Amino acid sequence: MRFDVAIVGAGPAGLACSATLAERGLTVALIDEQPSPGGQVWRNIEAADRFADPSTIWSDYEAGRAAVARFRRSGCTYLPKTQVFQIEPGWRLFANSGATADLLEADRLVLAVGAQERPMPFAGWQLPGVMTVGAAQILLKTSGTVPETAPWLAGSGPLLLYYASQLLAMGVRPAGIIDLRPPQPVAVRQLLGAVRANAGALLKGARWLAALRTSGVPIIRARQIAVRGGERLEFIEITRSNGEIRREAASILLVHDGVVPRTHEGAMAGARYRWDEALACVVAAADGEPDAPVIVGDAARIGGATSALAEGQLAGLDIAAALGKAQPSDSGLRAMLAKSLAAERALRGFLDHHYPPRPVGDDIADETVICRCEEITAGTIRAHAADVAGIDELKAHTRIGMGRCQGRNCAAVAARLLAHHSGKPQENFAYRVRPPARAIRIDELARLPTEPKP
Amino acid sequence: MFRRIDGYTSTTITVFVDGIPVEATAGEYAAAVLLRTPPHTARLTPLSASPRAPYCMMGVCTDCAATVDGVTSVLTCQTVVTQGMRIDRPTGLPDFNAEDADHAL
Amino acid sequence: MSPMEYDVAVIGGGLHGLSAALHLARRKRKVVIIERRWIGRHASSATAAGVRSLSRDPAEIALSRAAMEIWHRIDALVSDDCGFHANGQIRVAKAGDVARLEARQVDLLARGWSHERLVEGAELKRLLPGLAPDYVAGLFVDDDGSADPHRTLIAFRKAAEGAGATILQGIGVDGAEPVAGGWRIRCGETSIRAAQVVNAAGAWAAEAAGRFGDPILLGTKASMMMVTERVAPMHLPVIAVVGQALSLKQTNQGTLLLGGGLQGRFDLAAERSEVRMQRLAEAARTALAVLPHIGKAMITRTWAGLEAATPDLLPIIGHSLKAPGLIHAFGFSGHGFALVPIMGRVLADLVIEGRTEFDLTAFSPARAGVAPEAG
């Protein structure tokens, strides 16, 4: 199968990009892991009629419905439940839908693979009973379920607040919220910028906060948490900034420390990333190399759904123009999208300052599992910090990052710990990404078409 | 660990967790069923046999891997339930020994 | 700056370089390893770590059998078992290819070797439960096996350092000039003087040889591997197939490792190699044709490792014909891992005695094509 453009990821950026291109008569394939379009933010949004009030389940619900509906009308070839596990130059995308592994070829490649939650390791985070806020919210969208007993929430970030407000709206009162932001002054300049450019979004956040305050759910400012328990979460140990330790019985703990770009597909396609120290994650390096894939939305740099919609559409306009499919109305559209992007970026500037990523350093106890697959602890990384040249040698020594998750949970944390303890500079990109980006069974791989003889 | 919210309507189907019939709703993921079925776990780790449960629900952590309809190491957070689906929590490593293998030698 | 003085400089901190340094240091030679990146960066950590005397070129059998004796008590050499387990290695064949196995066995017996044994029927079934029925025989070496490459690397490194070898990482050889009693080697800001030099630079050995005025033409291999999740113990020998590019084993981690020499793409100058997924699919098909019941095992990683290859796929071992005091040891062409423990001894003998008990005729540097003079 050959297409003008292949797009990976059916979230806001991928939906907008593929619709823009398909509407202009180009052949477009949109490949996505999920069974229905929407990405994580609008996951399962086509099943909204299962809920009494869908607008309490999905943020920007109307925009989501519109984006999905537009995509469905656009005539794009949609490949749901399909995982891209390898990308080779040309572009040749190897995709697995379980029953068949297939090769897809395209002249242009757009990666709109979105984000993942930033791994947030602390002692005991691997125990059953602990999961991410994002995971709990996905359960709400896809199963209509909420925690059975009052959950604890820990970390920081807009998603945590949003989910807490959703719980309150559905009559579930969290046991408490553990705010793990380092103490810091309010970023006044960024706040003012955001107020001027995007007061609506700020107001939405303010309403979540107000609902939380009114509810009387305790908000505990703390430095670190640890989870204790044998077979599952039993207690949360909360270390306050004054060193005082408080112990709370708990059965569900939901954690969140912001989101970071998803990079495995980009790394396989040869895209370049750079480490951003303030964001404590990699961001796509926009160096415009002609052979590089186009990376849009949160996959390039976290900007949120509205921003991703605009970026996806802009990328679509650029590619359409390059392929001779520009339309007279495009320039007006571009101006509108640029305005929307500027407003979102002003908001993001404030959010990035107000919800800084948790530091990775001495506060992470030795016993903390960093690599959940190979069960490598922070103590083991520290023991090797002085005598390895870098993260790839650490991997060779300890098997860190060699499990099925392909380093998604440990790479950035291990690189930060290594930098912290070795005094060497933070590496740009942790671990060489080894295909397959998604594990594939031997018999699935065996179904790939034979390589034509040269 | 999780319960259904009021006003949620979806077709009810039956799946089997470790052989026991469990109610599920169309369109949800096998991992969600595991999180409603005690002991709310998915697997034991291959190295230390520690229990793990679905953690990320989006294919990042791989801790939700279980046996689905006899196929091992399926990410249950990426697997939509079907009527009669068998979800088994693995107690050991996936076993690919041939049926005629005899390791008593 | 006055140069650092050594008896021997070893270029390349892969397993062969480490083994040479270990043996030399144990024999009281002051030895330094010069490693451009870090210990085991390329082929030594990308290897499938097969410990094989099966299917060796006749010229390599003596070395591989001597290596096998060391592998069976490897902890005596490096104080670690290196994850070695002797599950055997087998090369299976369909009915139409059995004659090739029989001919091989006859040829080996005529040369005085009896380690490869023809197995069929119930014994074959016992060794390889679930083997597809069209595979009817195999040549089997029961004391062959495989090791853990990372453990092996760490063990050889510790042993070499423990014996007194110096390891310099992160510096490459930029130039070399003959001086009285040896060579002066320039590595960036560092200057090293050594009476003799071992070239164990693997995929980049021709580049290293060129610095010593010994132009060599060398091919490159980027052999691909893929590995599955950990699975329950299967007690399999390492499996190869007559006429097919496949090697399949269960590692001591419990993963299934599939290799066999299928080639990926590479960029030698950039020190990069990438897999070609459609070729890996060929290996998957071959594996399922042999063991149909492993199809649902989950592949979690694939990679390609870079190393030197010669036209006849035999290594280049011996004194350089152009550069006095330079000893070559590279071009193992995808099957050097098993030879690591014996190669260290051979190289130490070449350095110290100027000779070895092994017949190295087939490995002569005279076979290496000469690179055109730089214009």
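The letters A, B and C name the chains in turn, as written, and every chain counts its residues from 1.
Criterion: contacts are C-beta pairs under 8 Å (C-beta built on N, C-alpha and C of every residue); 3 or more make two chains touch, one makes a residue touch a chain.
Small disclaimer: the values here were computed from a predicted structure and weren't measured.
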Selected pair, greater C-beta contact count between A-B and A-C: A-B
By mean Cα position, the chain sitting nearest the middle: A
Inter-chain centre distance, chain B versus chain C - centres from mean C-alpha coordinates, in Å: 42
Euclidean distance of C-alpha centroids - chain A vs chain C, Å: 41
Rounded Å distance between chain A and chain B, as computed from the means of their C-alpha atoms: 24
Of all residues in chain A, the ones touching two or more other chains: 403-404, 439
Shared interface positions of chain C, touching two or more other chains: 229, 294, 296-298
Where chain B touches two or more other chains at once, by residue number: 73
For the chain C and chain A complex, residues of the former touching the latter: 37-41, 45, 150, 153-154, 169-170, 228-229, 253, 258, 274-282, 284-285, 287-288, 294-303
Residue ranges of chain B in contact with chain A within the complex: 1-10, 25, 27-29, 32, 35-36, 39-41, 45, 47-48, 50-63, 65, 73, 77-78, 80
Touching residues on chain A, where the partner in the complex is chain C: 85-86, 88, 94, 101, 103, 388-390, 393, 396-397, 399, 402-404, 406, 434-436, 439-443, 445-451
Of all residues in chain B, those that touch chain C in their complex: 46, 71-73, 92-103, 105
Complex contact set, residues of chain C against chain B: 125-126, 129-131, 229-235, 254, 256, 291, 293-294, 296-298
